[in-house]
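I'd like to ask you about the structure that follows.
Letters A, B, C, D, E and F name the chains as they come in the text, with residue numbers starting at 1 for each one.
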Amino acid sequence: MGVVVQEIERASPETIKGLAACGVATVHEAQGRIGLLASYMRPIYPGACVGASAVTILAPPCDNWMVHVAIEQVEAGDILVLATTSPSDAGYFGDLLATSMQTRGGVGLIIDAGVRDIRDLTQMQFPVWSKAVCAQGTVKETLGSVNIPIVCAGTLINPGDVMIADDDGVCVVRREDAAEVLEKAQARLANEEEKRKLLASGELGLDMYEMRERLAQKGLKYV
Amino acid sequence: MGVVVQEIERASPETIKGLAACGVATVHEAQGRIGLLASYMRPIYPGACVGASAVTILAPPCDNWMVHVAIEQVEAGDILVLATTSPSDAGYFGDLLATSMQTRGGVGLIIDAGVRDIRDLTQMQFPVWSKAVCAQGTVKETLGSVNIPIVCAGTLINPGDVMIADDDGVCVVRREDAAEVLEKAQARLANEEEKRKLLASGELGLDMYEMRERLAQKGLKYV
Amino acid sequence: MGVVVQEIERASPETIKGLAACGVATVHEAQGRIGLLASYMRPIYPGACVGASAVTILAPPCDNWMVHVAIEQVEAGDILVLATTSPSDAGYFGDLLATSMQTRGGVGLIIDAGVRDIRDLTQMQFPVWSKAVCAQGTVKETLGSVNIPIVCAGTLINPGDVMIADDDGVCVVRREDAAEVLEKAQARLANEEEKRKLLASGELGLDMYEMRERLAQKGLKYV
Amino acid sequence: MGVVVQEIERASPETIKGLAACGVATVHEAQGRIGLLASYMRPIYPGACVGASAVTILAPPCDNWMVHVAIEQVEAGDILVLATTSPSDAGYFGDLLATSMQTRGGVGLIIDAGVRDIRDLTQMQFPVWSKAVCAQGTVKETLGSVNIPIVCAGTLINPGDVMIADDDGVCVVRREDAAEVLEKAQARLANEEEKRKLLASGELGLDMYEMRERLAQKGLKYV
Amino acid sequence: MGVVVQEIERASPETIKGLAACGVATVHEAQGRIGLLASYMRPIYPGACVGASAVTILAPPCDNWMVHVAIEQVEAGDILVLATTSPSDAGYFGDLLATSMQTRGGVGLIIDAGVRDIRDLTQMQFPVWSKAVCAQGTVKETLGSVNIPIVCAGTLINPGDVMIADDDGVCVVRREDAAEVLEKAQARLANEEEKRKLLASGELGLDMYEMRERLAQKGLKYV
Amino acid sequence: MGVVVQEIERASPETIKGLAACGVATVHEAQGRIGLLASYMRPIYPGACVGASAVTILAPPCDNWMVHVAIEQVEAGDILVLATTSPSDAGYFGDLLATSMQTRGGVGLIIDAGVRDIRDLTQMQFPVWSKAVCAQGTVKETLGSVNIPIVCAGTLINPGDVMIADDDGVCVVRREDAAEVLEKAQARLANEEEKRKLLASGELGLDMYEMRERLAQKGLKYV
């Protein structure tokens, strides 16, 4: 506890942008169905979609001191990712901190706890994915750490990992795998476009994916 | 397990349309306060209101194979209703399956599990009521069944039953009772319109429903 | 049980209006981080922000009889605040009751249970903060009380207390403290405006709040 | 609502006794992994294991009137199975009702709600599987039904179905399938005994179930 | 915040002892079905039954400083009752604090948070009713208050109120009502003893409580 | 996915034994209040206390194939630690698998999912810490991995890490830190013994920890 790592590596902006364009579901599938945060992480308003490098925070319950510490480490294109040392739904973050983030080029917040000032954040178009919306104020008494590996919403996040977040939730891509995952995700998207056309023309998934034989082998009975 | 029933009976389109126009709360009341699914079943976007015949799916956790099987059984005006054999919040359904559904005239999904591609489904105006929004990918390994009676979100659904779903949640009407329930629901609506006028004119429910005497008998004390 | 208190004191309309303009998070901070209801209390539509005097209801589970009794006690500028004697997510309140409330000048509902007719309530712009959205119908069989102190969503509410509710949730201010809390909340708002400008200009919270020395004393290490 | 079915069919006592001896997990497997109630249904004390015919109750929330009605329908070897029309954790049942049940030969209670007088029930060795332990008192105001099909803890129960309950939870067996399920369950038990010996001698499941080849085909890699 | 009230009134030891002998369910009924804490409050071991005067604590999340402050206020026959300012499941209390409590004659803990050292507490026969069992350590950084009114597990507790806790959960009795509630509870117990005998002799509740006529009036149908 | 790591390093048996003797709460404190699994992980019976090396499993929901694979990797003194790729409460493990584990010297199971055959496991004294008790049967269709780093109940576990589990829950100690943590834990125990004596003699924590001055500085007021 009480450590701030100041230098972290990040994926290239083009890779991050490309992954964000693919969206959470596609990226998650492209990397082998790993990396999703728990489904209780929900956006505070619909329609946001971001890709960004994680600046991680491990914070005590109901204590947002480390958020201030972390913002100094934020570069343009970064997103804060906060986990707590013990469960909390307190409101660690509001419009003042978002102002500071936006000034530094920070693009959002992923927090396994609460957030407040929802109306302001929505007007500022500062997206947040959180476990709770809660106005509960926090203290500044106990140290945590910044830019260490954390477990957020059930998933390991390393500082500098690529966070993809949209209406479907949040997915992490290891920084070192990001370029390869992007390639697979884009291939998947192209492939999905073809499938979409076939399905729109009336073809069934049963035929398109050639499922009928295997279903019969497994014993599926039509009555 | 492993059974697909291909022939199901459905209520008449007029009855279904009429019930949808009444909405979930009215239909639920009209049939004697039965048929509601658990309140954790929420729409992925506000404003949708559907009435449709249930094509039911019983699926293993995190396995959406049976959704493909079920879509072949969908006729225009049908809705998929999916229950799992063990709790899951995985994302069984996304925009490709919705494309296939819309092509066949299917009008939505009710799922006691997760759904993904929320932004696309919203743009397609393909309504879903679900327990979770979750991008978690699913496998195609284990059989379930299609068009058998299922328990979805705590309520028994038979294939061909009429599903009514709107911002208040989801209600099922037995296919064979649908016409009678519609009649009662419409009577209730008419009755409510009169009450609304009286209340808007300043009359109290206490007087309109003649509650004062019974309240006094029960012992209510004004101090 | 079975008591209706007909005379309650209220804070001044100007004080209530002033508190509402400050919003939940600011009011909660201004009064020393107390008074928040549990974070599961969510608005049925975004954007509503109300300040109002509490008319309290203690109701049995799945029984909304006392809501009718309470509405007679509502004056312009009041809000209903309902707690149950045992947990329930039933739909105690819908568009008819909202019509009656609006006719009397009532401005909303805060309910540690369920609400229904969401679409109508949204169109009427009748705001509700609730634990659940649920169409489940209720009975009128068992007495509760009106305008007694209640515990709603984990927080004590006295009749006549000032309720502030917005997208961040719900906060209660004791009626007798309302004027003083308003003063503090407005001072806080002014202070926040200055901070916002500093942060927007690039100053860090670490410097603005002079945190660096205390962080070092606590042992924070930069690596 | 408001119906009491007085004549129900039951499985033979020998079949029920046989199923109880097999236990929940074995019976559940023997009938194809169906029939389990949700895992939140827990026994109030460890070690109980019952098999019994279901006398079903559909009751309003926090209203135990129908329990009194149901007890008149109980015969020796029956168990009460209670579902609510809307979620409740109230204490529907305590030591007085248990006394009445034991006098009639009733052997327990399965309740998707709360129970109280835990210490007395434990001393009486009257087993209960419930969603909650809660002393909350109930009223006697609203009708429900007795011996109609109900959904209890997510599973359909018909009156006269065989309930098996032990430390692993609760499983229902359709009355008409009970004899056949017993046969399969006993075969399974015999089979498990052999497996237990093999495993105790050091043989691995990988070999005993001949899994290695299929694992390799699926692509499992040892590193 | 930051207040310790040193003088509180307590009910007489005889009254408290008498209420404990009646148990939670009876006391709750005797005082009109009020005063129960939420059903998630569970004992750490079965069989404990206490009656004690509340020394109340309002503590920050994950900060047990105020427990030390509160223990100084404990007299023989007191029980600590702890609520948090924001939800927490941290382990505020363990065997050292229990040692200190027992030395002062304190008889237990009721905590809307977590507790640890379960095995030691069980061996010491120091009963605890809690929301969670959790080893998470706490800090000593932020003030709370001692012996102010608190809301614990959804129920208002004043310092000096009588807490009754057993396997059924926890119930509070207002100090000033304690003697009267005891009288009613004892009457109830006597009455229950008669009922128990009648029920054990085979009489049905339907007859003993003379329910048949009212059930018929409500429309109950036997088929 | 689909990887089995066959060689893992383990801490020394003496270190592991020593840590187990300290218990979860002490070990958690000794290593700086880290490493706890979520508090929903509960033992299936009271009184068990184990220290063991983790053989980790990442398994699909409702699919226990990898448990069989993992058991081959178990050495004497190991414990299985299972996380799922998507939430599940199914019963992955029962008495047959426990027989196989005990034969190989395996000492228990920590599972962020369900377990069954509770009565048998209790009789075998095979301890399990789990999220649920559930008889739901599982399939053997989809690969997972064995002995890779996993996130179990919100905490990162590496294969070979030391798991300490008792009535307070579960704590992980990094294998490479185990000896150092043991030293600190034992020092802490010795220190606690002194404190226990002081507290038992009537000394207050307020004095023993010299808290009074700092409380006064923070502004605590006695009234």
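In the analysis below, a contact is a pair of C-beta atoms (placed from the backbone, for glycine too) under 8 Å apart; a residue touches a chain by one contact, two chains touch by 3 or more.
Worth saying up front: this structure is predicted, and the values here are computed from it rather than measured.
Counting hops only between chains that touch, chain D reaches chain F in a minimum of 1.
Different-residue interface: chain D and chain E share under half of the residue numbers found at their contact.
Look at where the CA atoms of chain A average out and do the same for chain C: the two points lie 31 Å apart. Spacing of chain B relative to chain D, judged by their CA centroids, is 28 angstrom. Centroids of chain C and chain D (each the mean of its C-alpha atoms) stand 42 Å apart. Multi-chain contact residues of chain D (touching two or more other chains) are listed as 33, 85, 87, 89, 136, 142.
A list of each chain pair in contact follows: A-B, A-C, A-E, A-F, B-C, B-D, B-F, C-D, C-E, D-E, D-F, E-F. Interface residues of chain B, counted against chain A in their complex, comprise 2-6, 45, 65, 68-69, 71-72, 89, 91, 94-97, 99-100, 103-104, 114, 116-119, 122, 132-137, 140, 142-143. Listing the residues of chain C that touch chain A in their complex gives 23-25, 28-29, 33, 36, 39, 42, 46-47, 49, 166-169, 171, 192, 195-196, 199-202, 204-206, 209, 211, 215, 218-223. Those residues of chain A that touch chain E in the complex are listed here as 60-62, 85-90, 136, 139, 141-142.
Listing the residues of chain C that touch chain E in their complex gives 1, 32-34, 38, 85, 87, 149, 151, 154-156.
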